[in-house]
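Each in structure tokens, the structures are laid out below.
There are two complexes below, and they share chain A, which is joined by chain B in the first and by chain C in the second.
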Partner chain A sequence: MNKSWWKILSFLLLVYTIVAGFLWEVPRLDILNETIRNLYFHVCMWFGMMILYGISFAYSIRYLRGFNYKYDIYATHFASLGSLFGVLGYITGAIWVSVTWVTQSGQSLGTVLKEPKLIGAAIALLIYGAYFVLRGSFTDMDKKARVSAVYNIFAFVMLFPSIWIIPRLVGSLHPGSPGSDSGNPALDQNDLDAGMRMVFYPAVIGWTLLGIWLATLRIRLQLIRDKSITHEA
Partner chain B sequence: MFQRVLTLLKKDLLLELRQQHTFYGVLLYVASTIFVLYLSLPDAPESQVWNSLFWVIQLFVCVNTVAKSFLAESRGRMLYFYSIASPVEFILGKLLFNVLLMMLMSLVGLALFFFFLDNPVTDAFRFMGIVLLGGTGLSLVFTLMSAIAAKAQQNAALIAILGFPVILPQLLLLMRLSRAAFGEIFREGALWQLAGLTAGLDILVVVMAIILFPYLWKD
Partner chain C sequence: MKLKSINHFFAFVLAMFIGNSAMAQSAQGPEMADLMRSNGKIYIVVAVCLTILIGLFLYAWTIDRKISRLEKEK
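Up next is the complex of A and B:
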């Protein structure tokens, strides 16, 4: 029980997110209307992705500090769950785009997709794609763990500018870009309706915990499979 | 330490001078790619297209220039370096050498672009500065990627896979920055902000290389 409280918390928060997210009152703005409810799903995916990649990054550092093979397994599976969240973020985003950004029927998607945030997210997914390709190209396990940890750390550090800085330098349809009067929509007090914040923050925590839960399941499976290598129970 | 970095740099330069076939190989690669572009375009491209083409060509030239920097070192020679220098000195030497080489290649590429594909650049000196800055950034990232790919015993394809997503933000920044040399007026201070950001990224890459390379080094 003392170990699984956060799993129960995750479940409860997600039930709350889905029920309150679909039923509670939301402000209706032009164009956005009811689609703002997607905030509880779409934005949470990106939060989850960044946090999961961050955990993977931290475990890569821990691996390089002690060369404990266990941490390499942790880093891999958190990275793969991060990628899953990224793909889900794209899917939920695509649904949102289809009703808000696409104004005329038959408008080409190419005009919409050249968005700094979309590019940043695509870079993130490409980097982790490369990470898995790199892992696949080794036969020696120690070498694989070491070199891919190095790439993971380097790529994550290079990811910061692409995801957080560049979208704020150039124009974007997302909030937070220059020219719009919005600040950081996720963290600024003035940019999000108070009622929505009551659902949004628990939603972020709930989805992220779900991601961590899924990752730990895969890690435990992998640890059992590799028991003979890691010498741990 | 500084002395040893310089010695390693000198060794790389001497090696390049003695084995000129690789150098001329890359030079020929630059020339022939731009020649193919010249033949395939119906007439001189307008400035936006020119800019994009230029940076894409720079990217590929960089992959080819830098790719061999670690692949060429034999196992025995690596072991020798291991005994005489620290990993930080070694990677700094490599980074410096590749930056110099890439700067040279960038300037050659720029000259060929001017020759074959017309000159839409209004401020040539500013553009040259941006090109040198960009060449530095590209070569720094790809040197580290080449070090990683060399560990995987893989060819240049892996360098491209690893490096392209990492270099993308920088490349976009550079393309944006280059428009300053095509007569576009920037917001007050924006030009230096972009240039500073690019230079900051370069410093970040060097720091990361110094921290991370020791882990790649020992086998």
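Up next is the complex of A and C:
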């Protein structure tokens, strides 16, 4: 019980997110209207993804330092939960786009989806998809763990150009690009409404903790399954 | 009678989403779901989402406990 306080915290934060996220006042803006509330859900998926991929990256480095098989399991499952969050973020973003970026000036959803930010996000997710393909293609366990740990480091580093840098260089409809005033709208003091920040940051923590919890469930299952290998570790 | 008002509510929600861009500029500034809030039905959405959230957490919790039991067995 004393070790599960953060699971309860995650639950409470998500209850708060839903209640305050639906009921509190938000800024009244054209085009966005009530959809600005997606900030508490869509954006949190990407924040959670970055954190989960970051944890996975750290465990991959840790694996390469001592070749402890346990850390390879950690890295895999944090990466898979990160990918789940990324896919959810992509889908929710596509839904959001379909009502805010598609205007009366004749674009179709198909043209809007050729956006630099969306292509960058798709590339990032595909790079992580290749991580799992790579893992699946090895029969030798040590080789699998070693190669995929190195690849995981590459994949994490590739996140930055593909979803943060390139969309901001070439311009994008997504907030945070050269057309708008801010570098990182979710973190900028002047860009995000103070009331929304009161819900947004707890929401990020809540969703991330949920992702970590689900990842640890999968890790613990795998550790039980592979007990003969990791026993001495 | 009750069914009719529910139908009206759904029709309103639907119209709000479809007609969003068409009637965006009204006299009072950007349109928000004020009616949805004033008749209180947004609370239904909150209740539905909370129910799903509670269900998902209970499910994860039972899996967590099962794994804990497996870990103890050795």
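Basically, the second predicted complex is superposed on the first by the 226 of 233 C-alpha atoms of A that agree within 3 Å, B and C clash if a C-alpha of one lies under 4 Å from a C-alpha of the other, contacts with A are read in each partner's own complex, and residues count from 1 in each chain.
One rule holds in what follows: contacts are C-beta pairs under 8 Å (C-beta built on N, C-alpha and C of every residue); 3 or more make two chains touch, one makes a residue touch a chain.
Not measured: the values here are computed from a predicted model.
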| item | value |
| --- | --- |
| Fit or clash between chain C and chain B when superposed on chain A | fit |
| Chain B versus chain C as contact partner of A:N152, first or second or both or neither | neither |
| Contacts of A:S56 with chain B and chain C, given as first, second, both or neither | neither |
| Which superposed partner A:I224 touches (first chain B, second chain C, both, neither) | second |
| Superposition-derived angle with apex at the Cα centre of chain A and sides reaching chain B and chain C, degrees in steps of 10 | 140 |
| Partner chain in contact with A:T76 - chain B first, chain C second, else both or neither | neither |
| Which superposed partner A:V99 touches (first chain B, second chain C, both, neither) | second |
| Contacts of A:I127 with chain B and chain C, given as first, second, both or neither | first |
| Distance in angstrom between the closest Cα atoms of chain C and chain B, superposition on A | 33 |
| Overlap of the chain B and chain C footprints on chain A, listed as residue numbers | none |
| Residues of chain A defined as touching chain B within the complex | 64, 119-120, 123, 126-127, 129-130, 133-134, 137-138, 143, 146-147, 149-151, 153-155, 157-158, 161-162, 165-166, 169-170 |
| Chain A - residues contacting chain C, complex | 4, 7, 11, 14-15, 18-19, 22-23, 28-34, 99, 103-104, 213-214, 217, 220-221, 224 |
| Touch list for chain B against partner chain A, complex | 141, 144, 148, 151-152, 154, 158, 161-162, 164-166, 168-169, 172-173, 176, 193-194, 197, 201, 204-205, 208, 212, 215-216, 219 |
| Footprint of chain A on chain C - complex, ascending | 17, 20-21, 24-25, 29-33, 37, 42-43, 45-46, 49-50, 53, 57, 60-61, 63-64, 67, 70-71 |
